[in-house]
Each structure stands twice: as C-alpha cells, then as structure tokens.
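Would you mind keeping the following structure in view while I ask a few things?
Just so it is clear, A, B, C, D and E label the chains in written order, and each chain counts residues from 1 on its own.
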Amino acid sequence: MLTVEGLVATYGPVRALDRVSLEVPERSVTAVLGANGAGKTSLLRAISGLLRARSGRIAIAGRRIDALPTEEIVRLGVAHVPEGRGIIAELTVDENLRLGGLWRGRRADLAARLDEAYELFPLLAERRRMPASTLSGGERQMLSIGRALAGRPRLLLLDEPSLGLAPQVAAQIMRLLSGLRERSGLTVLLVEQNARAALSIADRAVVLALGRVVADEDARALAADDQLRHAYLGF
Amino acid sequence: MTARATTPAPAGGARELAGRAASRGRRLLDQTLLRNLALAALAALGLYLLSYWLGRFDNLQLATIAYYFVAIAGLTVLTGLNGQISLGHGALMAIGAYATIKVGESAELPLAALLAIATIATALVGVVIGAGAARLRGPYLAGATLALAVGLPALANRFPDFLGGENGLSTAPPVPPSSLGVGFALERWQAWIACAAALITFVVLANLVRSRYGRAFRAVRDDEVAAALAGLNVARVQVLAFVVSAACAGLAGGLLVVVTSLAAPGAFTLELSIALLTAAVLGGLGSLAGAVWGAAIVVLLPTWAEDIGRELSLSTSVEANLPLLVYGVVLIGVMLAAPRGIQGALSWAGGLIGRRVRGHTEPRSRGASAPGEEIT
Amino acid sequence: MPRRVEGERASASASRDGSRGLRIRGITVRFDGLIALADVSLDVEPGEVVGVIGPNGAGKTTLFNVICGFVRPQAGEVEWRGRSMRRARPYELAGLGISRTLQGIGLFSGLTAAENVMVGADGSRRAGLGSAMLGLPRADREESRLRTLALEALGDLGVVEVADALPSALPYALQKRVALARALVARPQLLLLDEPAGGLGADDMSELGERIRGLAGEVTVLLVEHHMDLVMSVCDRVLVLDFGRSIASGRPADVQADPAVLEAYLGVESDPRPPEAGDAHG
Amino acid sequence: MDRFIDLTLNGLAGGAIYAAVALSLVLIWRATRILNFAQGAMMMLTAFIALEAIDASGSYWIGLATALFCGLVLGAVIERLLVRRIEGGPHLNAVVVTIGLLVLIEAVAGMIWGGNPRSFPPAFDIRGYEIGGRTVPFSPNDLFIVGAVAAVMVASVLLFRRTSIGLRMRAAAFEPEVARLLGVRVGRMFTAGWALAALAGSLAGVLVAPAVFVAPNNFDGILIFGFTAAVIGGLDSPPGAVVGGLGLGLVLSYVGGYGGSELVTLGALAILLAVLMVRPTGLFSHARARRV
Amino acid sequence: GGDDSTDGGETPGVTDTKVTVGGHFPLTGPAAPGYSDIPVAIEAYFEYVNDNGGINGRELEFIARDDGYNPTNTVKVTKQLVLDDGVFAIVGGLGTPTHSKVVDYLNSSRVPDLFVSSGCLCWDEPEDHPYTFGWLPSYTVEGKTLGNYIAENFPDAKVGVFYQDDDFGADGMAGLDKYIEDQIVAREGYQSGTTDIGPQIAAIKQADADVVVLLTVPTYTALAHLAAAELNYAPQFVSSSVGADPVTVGGLLEEFSKGAAGTDMIEGMISDDYLPPVADTSDSWTQLFDKVRKKYAPDLPPSGTVRYGMALAYTFAQALQAAGEHPTRDGIVDALEGQELAGPPLAPYRYSEDSHAGITGVQMGSIKDGESVPMGDVLTTDDGDGPIEPYIEGHPEAPKDGIPPPQ
C-alpha cells in the first residue's frame, strides 16, 4: 500500500528524517514509535506532502506521490490527523466534518458519513452548529479524527490520536481502528506515545530514533523484545 | 545574542586590577547603553562627514530621511514587535507638527523644547488612541487607524481659525547658530537637527527593544493568553507600545516642521501613513536597521525615478507616472524577493556568508530567524 | 446525581486553614445554554496536589479558566488565600502567586526558550521604563538577573541547552518543559497544570511525575490529566467532573474504585460493548 | 421633513455604492484573508476598459459585460502571478503587495489614459423619481445600483453558506494547510476567490463610475469609504457589508446635510470608532471565540 | 559640495545659451486632473520659442516637478528646483496650500517667484514678498464681477452659492458679498475629495434659489450639474472661470448629455473669463496657441488649461525679454515692476512697485453650443471696494512670429 524508500527530510540544517524506508501492507496497522523528536511527525508530514522530501521516494499502491501537492495526495485516499489537531476554529463543527468528506463528492453518501462520525462521537453531535473554537481539547481531537474518517480513506495517518482524550475514548479509538481494518480494509499508520496501546492493536511496528529506522518488526515480537522496548520505548 | 549570561558587575568598592582593564572594556560594550551609544557616536561621525560632503538639496534629503526614520522606527516597534498595525501614523505626525508650530507661535522656546513638547503631546494622544486600539485586532485596527488618518487632518478644516484650514500653518525655518559662521547652509543645519533626533530615537528604541519591555511587546504579539498568564497586562503593554510609537511619530512631525516649516492637512494624507507602513515592512518589520532602509527608499526612490524619467525623455504622462510605477514595482518586487524585507534579506545573506567563513552550520533557516534578533 | 466523598484531611483542615488555600464554591458556568460547570466546589490546602479528572468536555479546563478570570461564572465564588478572585484579571494572577500551563503549548513563537522563561520571571513587575529606555546599567543588571533565573529554571528541567532555540524547532516534549519552566520560574504558590503530560513519552512522564511530587508541600498544585498513572501516583486527592458536575472526590484509590467514576470516565474495565458502538458517556 | 426624506434617499443611493465596494472587499477577505488595497485601482482599471468597450460598441451592456469579464480575469491573474507567491509569508506582506499593486495600476492607467477624468454613462436615467409632485434624489439608475448590490449580496451569502465550494473557500482562507489536508485545492480556491471578488469589484466600479468619473485616482476615496463600511459591518459578513455601506451612506448624508461638509470625514471616523468600541469586530461578526 | 552663492557673478539658471526655470504642479494623484496639462503647455510654448531663436538668443527650459498637491512635496521639489536644478525662477507654481509654503523660502533666497497659479490674494504682498508675483485675476476680483453681473441682470433672483471650502471659496464669496449679499439664500460648501454633494445641492434647491453661483473646480461644476439634474432642478448657473472651461466640464458631462439626461447640461451657464475664448478662432492669440499646440503638444485637447499654460509661458517670455540682454533675478523683478506688459489677457496686469497682483479684470460670457461666448465689456476692478469699470482699450494682437518682441 505505502512504500517509503530512503526518505530524507530536513529543517534547515536539521535532518529530521535520515534515509527512512518502510513498507506498509494493505489492511494493516503499523505503529510508528520513538522518543520525542525522533521524527515521527516529520514522517507523516512528508507522506502527506506537507514536508518536502530532500530525497527518497514515497509511493502509494505503486504510484509515486513525493512530488504531488498535499491536496492531490489526500485525493488519492490519504487522510492525515495532524499533531495538534488542525481543526478550523472559525468553522462550525458540522462544517469541519463536512470538509473532511467533501473531496469524495457524492452528496447523499456524505450525509451518511457525517452521521457515522456523530454516532461515533455523540459529544460532537450536540455541538454541530457551534464554532469549533468553543470545543475542549479532547473534543477537538474527536473532531479531527471524525473528520478524517468522514473521507473514508484508504490510508489513515494518525499523529498521536489519543492526545488529550479520556482513557475510555482513547481505547475506543484503538478498537475502532482494528475494527475498520477488518471491516473496510483500512490501512493505518499510527504514531503514538502510548506504545503499549499502539502495539496492542498494531500488526507491525517501526521504531524511529534520531530520524532513522532502528527497528521494523512484527508488533507482537517488538512488545516481547525487552531490549528494544527498554532502549527505545521506555517500558 | 550570546548564550552566556552576563554576570552582574560587582558592587562598588571592589578595586579592579589593572590587568583586567581589557576585559572591562569588553564588558563595557556588553552594557546596552554604552554599546548603543558607541554605535550612535559612530553613526553621528559618519553623518557629520556626510553632511559636509553632500550638497544643499541632498542635505535636505538627508534630513527628510532622518525624520522618516524616526516615524518608521516607532511604527516598526509597534507593528513588528507588538503586532499592532497602524495606518494612522501620518495623522500622529500631524499632531506633532501642529503642536510644534502652535506652541512655537505662543511661546519663545528653544527648538529642542518645542520638539519635546510635540513628542509628549503626541504621546498623550497616543494614550487615548492606544487604549482604543488595544481593543481591536488585525483588519479592524487597520480600519480604525485608517479612518484616523483620513479624519484627523480634517479637524484642521473644522477649526480653520486655529489650525489654518486647508492652507494650514507655516513657520520660519530654524536659524543656524552664528557660531557656525554666516555662510553655514540652512539645509545642513536642518540635517544636523533631524539626524541628532534620529540618533536619539535610535538609541532609546534600541535600548527599549532589548529590554524587558521589548520582550513584553513580542510576547503579547505572539500569544495574548499566555502573556496574560505570565503576568503581562496585555492591554497596558499594547498601549505602551502605541504610546512609544506615537511619541516617535510626534517627534517626526516636529522634525517635519523643522525641515519644511509647515503643517497643513495636505501634508498628512493617507498616502503618508501608508508610506510609513510600507517602508517599515519593506525595510524589515521589527528592525531598526530596516527602518533606515525603509526611510531611504521612501525618500530617495521617487527622486531617482523622476530623474531617470527625465533622462529618458518620455511623454509627459508616462514621465509623470514613472516614479509611481517604480515605487509600485519595488514594493511588490521586494516582497516577492525578500519576504522579511531588506534587512531580513541582508542578515540572511550575512548569515550565509558568515557560515561559509566560519565553516560551520547554524540552525537557522531562511527567513525563520527570531524577530527579536533582527533588532538593531 | 453528584456525590461528594470528603477525604478526612480535606474536611479537617478546611475550617482551620481555609483562608490560606484555594476555595472554590458553587461554580456554575453556562455557554449559550450549554452547562459547562454546575455547582462545582473544591477546597485545596496549601501544598496539596489535587487532580481534576473527567471525560472530555467535562469542564476541567473551564474550571481553570474560572480560577484565572478568563471565564466569569454565572454563580459561585473563588477565593485564593482568603481573597476573592471575582475581580481578578488574568494578568494579576502572577502577582498573586498563581501560574498556569496551557492545554496546548502556549509558548511565544517569536521568543527563544530563554526569553520565554524570562517573560514568566518578569511579568508582574512594571517599574523601570525610564531606565529601560536609557539602557541604564540598572536595566542591564536586571536583565542578566532575569536571564540567570531563566537559565536556572531551564536547567532544573534539563533543557538549558535549548535556551536560544525558538520553540518551533523543538520537539513537543521539550516545548512542554520550556512551558513548565516558564510557569515555575515565577515561584508560584499555586500551580495549575492543564494536561502537562499530553504527548509525552513514558520516560518524560515519569520524570514529570517526580517533579510534581517534588513540588508537593511547597506549592499547591491543581492537575488536569487524562493519564491515570500519573494522576494516581502524584495526587493527594482527586476531583472527578462529568458533564460539569463533580461526581466524586477523595483519595485517588477510592476514586478509582468508585463505580460512578468507572462508568463515566475510566470505563475500560467495565465496558463490555463492542468497539463500534462505543460511547464516551455510556 | 422633505429634507429628511431627500437626505435619506440620497444616503441610500450613496450607501449602495459603498456597499458594493465593501462587498468586494469582504469577498476577498473571506476567500484569502487579505485586505485588498488595490481594489479601488482594479475597479478603476475595469471601468476604463468598460469605457473603451462602450465607446467602441456603443452599448452600455457590452461595456458592463466586458468590465465583469476583465475583472474576473484580472483578479485571477493577480492571484496567480503575485498573491500566490507571498502566500505563507508574514501577513503584512500581502498588504504591502496590494498597496504596491494599487500604485502600479494607477501609474499604468495614468500612462495610458492620462490624468484627466472621463465621463461614464449611467445605465438608466439619472433624473430622480417624481413622488407627490416632487422630484426626489433617487433615480432609476440608483434603483439599478441598489438592486445590483442586493443581488451580489444574496449571491455571495448563498455561495458561502450553501455551497460546498463556499465552504472550501472559507476553509482555505482560514487554515490553508489544514484545508490541503482535507483535499481542498487551496490554490484554486484562492484564485476563484480573487476572481469572484474582482468580478464584484468591477461591477461596483461600473456602478460608481458615473458618479465619480473615471480617472486613475478617482476610486481612492470610494475605496476608503467602502473599507470603512466593510469594517463597520464586520469583514466576514456580506450582509454586514451592505448594512455597513447603507448605514455609512445614510449617516454621511445626514452629517453632510445637517452639519456641514467639513464634518463628513470626521463623521465617518466617528461612526467607525463608535461601532468598533462597542463591537470590536464589527456589527455582524460572531461572538468572541473561546481563547483558552 | 553645496553651492551657496545666489548673488555671485553669474545668475543661476542663466547661461549664454539657456534660461532654466521650473515650477511645481500636481502631475499625479487626485489633484492632477486638469492641472497636469499646464506644464505640458508651458513646455510646448517654450519649445516653440526655442525653435524660433529663443529670447535674446537663449533657449528656454522648463522643469516641471510633481508635488502631488502635497505641501511637504512642494517644499521638497521647490528646493530641488532651486538648489539642485539651479533654476533662474519659479514660474507658475500651482496651488494656494502648496505654494504658500515656499513663498518665504523663495523670497529669502531671492528667487523670482513668478505668476503663481492660484487666485489667492496672498501673492500680492510686495513688501513682504518682493519676488512673488500673482498672475490670475484674484478670486475676489472674479467674485465681485460675478456678483455685479447677477445684481444687474437678476436683481430679484434668489441666489445660492456652492463653493469649495478653502480660500478659493472664501475669497470668491467675499467678492460676491460686495454686491449680492442680500440676495444670497443658501451657501453650501464642499471639501475637495468628497464625492457625494447631493445634500448640498438639495439644500440649495430647497432654498428656492433661481441662480446658483459655482465657486468650484471643473469636476465639482460637473457634479453640481448632475446633482441638480437628478433633482430636476434647473437654475441659472453662474460659474467662476476656475471651473467653467467648457471643454473640461462638457467632457465630464458628455455621457450624460448624450444619454439619459438628453440635453447638454452646461448649455447656458454663465461665467467669467480672463483670456480670449478657446473657441474664438478669429483671435490672434487663440490662433497662436492652437498653432503651437498642434505642433508641440498634439495630444492635448484645445482646452482652457492649455490656453492658460501657453499664456503664462508667453508672459514669462515677455518678462524675460523685458529683463534685457543679461537677465538677472533682480532684473526680472524690476522689469515686471517697471514696464507695462500687455499680452494675451483681456485686461491689463496690475504689476508695479506697489502691486504684484496680476490680471485686473474679466469678461462675462455664457456657454452656447458647448463654447463660451463673451458678453459685454471687459470689466476691471481691484480686490477691495473699488468700482467695477469697463476696460475698452482691448488687448493687443499677438505678435506675428508669436514671440514677445523686444521693447
């Protein structure tokens, strides 16, 4: 589904990604783990075109996307829940959600997709017509996730989705992800600080350190590998 | 900015050994005042020599650049460091100019006192306007100050007897002191006065922006909520920034009287206000050095463009509009080529060269330098 | 049905020392019909670490906003050291010994890390405009004192080497530390932490926990968090909000075992339903 | 009483013009978050072109259509060539670029058409209606202006509120990066926003041209009042622009009529400040957003 | 280095082959319309002179600098002209608020300041400003003549005045008041720059004025006509010469006249004039100016503005001629004060040692078929309470070669 090869990305002189390669099979959840500053966010941003790669290639289902503008990448079915939520505070909750599904066109379908999101997060349903700026931190996170799902993506990039969510909701999201993979064949690239939770639902896990891939393994194997776990995941 | 913390000078009483004199010299330059004064003294010397080298009209241009600098420097602090946009600084200059002439008419005061009064008067008006401005943001502040720029000079028409109506007021130019000799050119004297005021403004603003006030200005600009939680009274900081820049505009207005001997509504049009703002952005927002570039461009560009037009012997309507054309092209061109303004581009280039020379890399990307570091 | 589980220590000291700590009485906040806080009360004793937990949108941040004066409650009263905070404006808090970190990051993006912290060290003072304009040595001395303070605060949190970096170039965790340094440099007596552990890795989080425990006794801390490990390990007491009501309060262990809390917030163990139909408020 | 009626009608006619300009400013603001200081100059340019078209064809309507088309193209071209390149830079850079554009367009117009103002035909009769044996200062042409402005307002409200392209445009304006992440083709939205705003602006230009004549600088004053009207109404709201424009027109008419002409600019300043002190983001803005 | 000498051996701006003079004009900006053509006309006439041997063998050069009608710029460009361009004299500097800011400077620098393009009374102060000379009939002279005309021809009419709210309006009204103060029922002013003058015209209509005097610039003359047309109000308009050029005003109303309003709106408007009418092709001056225009400034329309610039340029050539073989700055001032110049204006100048006022009188006229047709005698008067008297000697013919003859 997603292939990354030799990806290098920099901020000025800082190398945030250093020859990163990874392969994400279709219908899988891949966890991206690593300490703060390891380059996880940069990796997701590079995939969705927000950060231009210096070199290397990124392909989705065989199609190169590293030169495409973000919006075209998204239109290939890539949804990105960015770090820090990225809601549009001036628009209402409903408008934010609608935007997530708009690129797919198909109006009737859209209403159904919105309803699903509201069903998933009933708190948002109550706030449909309110500007998103009034939402609490967790509610914003819900909106951001719900919005990404409203586009029915093929590949979902999640940057710390549980940030600010109550434990119950965070767990719910994790379960939802594995459910979606099963039911609708979604492919997920999941960045999480809560490595334990991420590994519990992931098929594979990639560990980044200082912009490099230091491990790329089966999730269960990684969870069992005490050495790696201690060195990079701190538990 | 150095990472090392400057240690406070030891309290009085401790005797320094002679061998420490050199390090003391260096330490003296660490002191804000002395460093800025040294810079100003150097500039003063340069300007002094320049004023003898330049012809009379060019001295006048120098004086004009100096008063534009004063106004733009104040505006760059307001807009660049505090994030408040003002399209009304031309009107504040008008207050300084009218105050200079009115006070000068009614009392025999030395010029310095008149300029000080103009500065203070405008600062006081700045308190009122700043208090209103502190409630407004972005385009709404722009709109309000724009209305000010258009409306305030109209007061002159409301009180024609006092403010001279459309024709405004005139006054006599300053007289060079006789000690300078009889043949001393008026324009050089005007340049001296304006440049002296500009240097004072520079030193004061450079001190201020390096101080905690400058930091407070920037903090409020970046995040009002966080600034309030850190104990900054956001409204008060904003008013203070406005007052400082209004004072500069008032002084600039007073200097305009020194240079042109006039105060009239037609001199303080919206175009003036807009020119000040564009000059600040063009030079490099938030940077005092940028204010110098901005002032020089605003003053010199039209004159140069006009001369070029004359050389080219174009048709009259083309020739007349050429300076405008050039100005427009420069505004757009600089913004496209140097988004951080001239000073931003210079320091970027300087950083690049410096890096080459020193052979190591610095974590600084193009245009991403801290606004705070661009000052001076 | 709101219930109050009073911890012994709280009830014992409230009458004696109530005037020295934070007293929150019957706070009600409504936003166009939506009830964000309903009659919430809480006493926090000096030096105590109290956790405020609850589902998303329960009103935790709003409670902080009320204490800080960003939101005016429709009813109720906040007292800090015997003084009513009804009139207090946000910028006066620093002077009253109150610091707060924001739920996001809230650093000044155009200031270096050190400058960010210097603002926190400096904020409440206001004298010295003249000496600042003239650049007098006095102002310089003050500056270097502030900078020393700031570097110390950064050093305490182990981030002194990023003193001259801009926040945007720092990883999230370091930004959070700088923000914490800015709050701590003012030596507050009351520290309001809004999700300080959000986005932190396991190491960072345990370090944060130790730091907060280190503050206990000297500084009164109010902590909003969704990371229960952290809350349970550092808090003396916990207040649980749900839909703006306080549904429980008491020692962490007691609260954690409270069925109402389990249902409304922690949920995980007691939620037997399939994931698709999951609902935060069951 | 007659005088009051006269002043009211006169104010409505003048206000409709400010409203037209305000609308085009609001459109650009909503679509790209840029205050377009060049709007007046763009209006002037398309009005000159319309005039040439009218001279060539002899038909007002062909002139109007030409102006609208040129406005559309001009807006799109400006966005693609200039505004696109400063995107993502500091906010004021856009302001400076539009100011540069204002100066540039006026200079070019001065070079091509000279400085002398030219007469521009009205669409309909400019003689006021007879009401009760009295001629009031409101003519069929004024009615046309009011109607056109109302139509533009309704169209822009529908565009922004009811259509998905309007939603995309707003998203692109508020948070370009986020909008991209949601598959919005931000560049196209910006281009479309500028094109539509310039279209509305060129309509406004043709509407005001008979009243101010056409010369390089003649739309500057109208732009200032239009800007004032937009700010009064709240820059995000097309109905706000219209209410702001009509309100401003009325107040200025009363001030000019009952006070004196020297009070008109001061009057504009006074209302603007009064409105902003009570509502710092204009009359039709939404309630203040949550900050923490 | 700066040259500080103004009274050394040679006269600034004068060489053996050339005399350089300059002026400040609004060439761009809102005030440019109507005025930016003046320097073009002056240069055109100077070129004509140069191609015909110059004045005393010297070519004339004119440097027009743009001040945008902004006094600050006026000061700048005037000093630039004097210090940088080294002009011999300032000629035709335009505008009261602008030029009044450089009068002191020019006089203290002893730079002749000739033929200011404004009808302010303030140029006629030979004691304080010995180097400054007006040229236009003052606004008061015009006001008096207009008032007198109305008093004689419409003795029972109610008069409304629509005026520009500055010294133009004020001085003009002072003149009107000397004759028709009692007849005036409405006085409505406008600030230049405002576009909505509906309320003012409505007020004048409401006062039932039968005659409306316009002390306006051409744009506002046109706007006043439009506002009146909207109200179906057709008073007798009487306009000062400043705003009455039929070509300019007619041009502004062209689209309305041919379209919606149906008739030529300015037809029948009465005004005064101080130069031979542009339309009077039998006049030798008109012929001369038109000849020069066609050859040297073919882009310009044959408007009153062009006529004004040429007449002014001619007057300067005349003064320079009068200043003799070796013109000096004081010499040209003496020549103006000492010799009687006569030229294109319908009435004589008032230049003398005691007076630096310019043209002393005007002739009434009215617009017929888009052209101004003179009525009655040329009338002269002063700025004070002096009487209005006919001037019947008539102005001289233009010289055959179009160049002021040596005297």
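Assume contacts are C-beta pairs under 8 Å (C-beta built on N, C-alpha and C of every residue); 3 or more make two chains touch, one makes a residue touch a chain.
The model shown is predicted, which means the values in this text are computed figures rather than measured ones.
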Legend entry - Graph separation of chain A and chain E (steps between touching chains): 2
Inset, instruction - Just grab the chain with the largest centre-to-centre distance to chain C, centres being mean Cα coordinates. - result: E
Inset, instruction - Have a look at B-D versus A-C and report the one with more C-beta pairs in contact. - result: B-D
Legend entry - Maximum centroid distance from chain A, chain identifier (CA atoms): E
Legend entry - Centre-to-centre distance between chain D and chain A (centres being mean Cα positions), rounded to whole Å: 43
Legend entry - Distance from chain E to chain B - Cα centre to Cα centre, in angstrom: 40
Inset, instruction - Report the inter-chain centroid distance for chain C and chain E in whole angstrom, where each centroid is the mean of the CA atoms. - result: 76
Inset, instruction - Could you check chain A for residues that touch two or more other chains and list them? - result: 11, 14, 134
Inset, instruction - Give the residues of chain D that touch two or more other chains, as numbers and ranges in rising order. - result: 106-107, 110, 114-115, 216, 262, 265, 291-292
Inset, instruction - At least two other chains touched by the same residue of chain E: list those residues. - result: 27-29, 32, 36, 165, 191, 299
Legend entry - Contact footprint of chain E on chain B as seen in their complex: 53-60, 64, 154, 157, 165-168, 170, 172-173, 183, 185, 187-188, 256, 259-262, 264-267, 269, 271-272, 303, 306, 310, 315-317, 320-321, 323-324
Legend entry - Of chain B, residues touching chain C in the complex: 1, 3, 5-9, 30-33, 36, 203-204, 206-208, 210-213, 215-216, 218-219, 221-223, 225-234, 236, 240, 363, 368, 370-372
Inset, instruction - Can you check the complex and tell me which residues of chain D touch chain C? - result: 291-292
Legend entry - chain A - residues contacting chain D, complex: 48-50, 69-71, 74-75, 79-80, 82, 86-91, 95, 98-100, 102-103, 131, 133-134, 147, 151
Legend entry - Complex contact set, residues of chain B against chain D: 79, 85, 132, 135-140, 142-144, 146-148, 150-152, 154-155, 157-158, 224-225, 270, 274, 277-278, 281-282, 285, 317-318, 320-322, 324-325, 327-332, 335-336, 339-340, 367
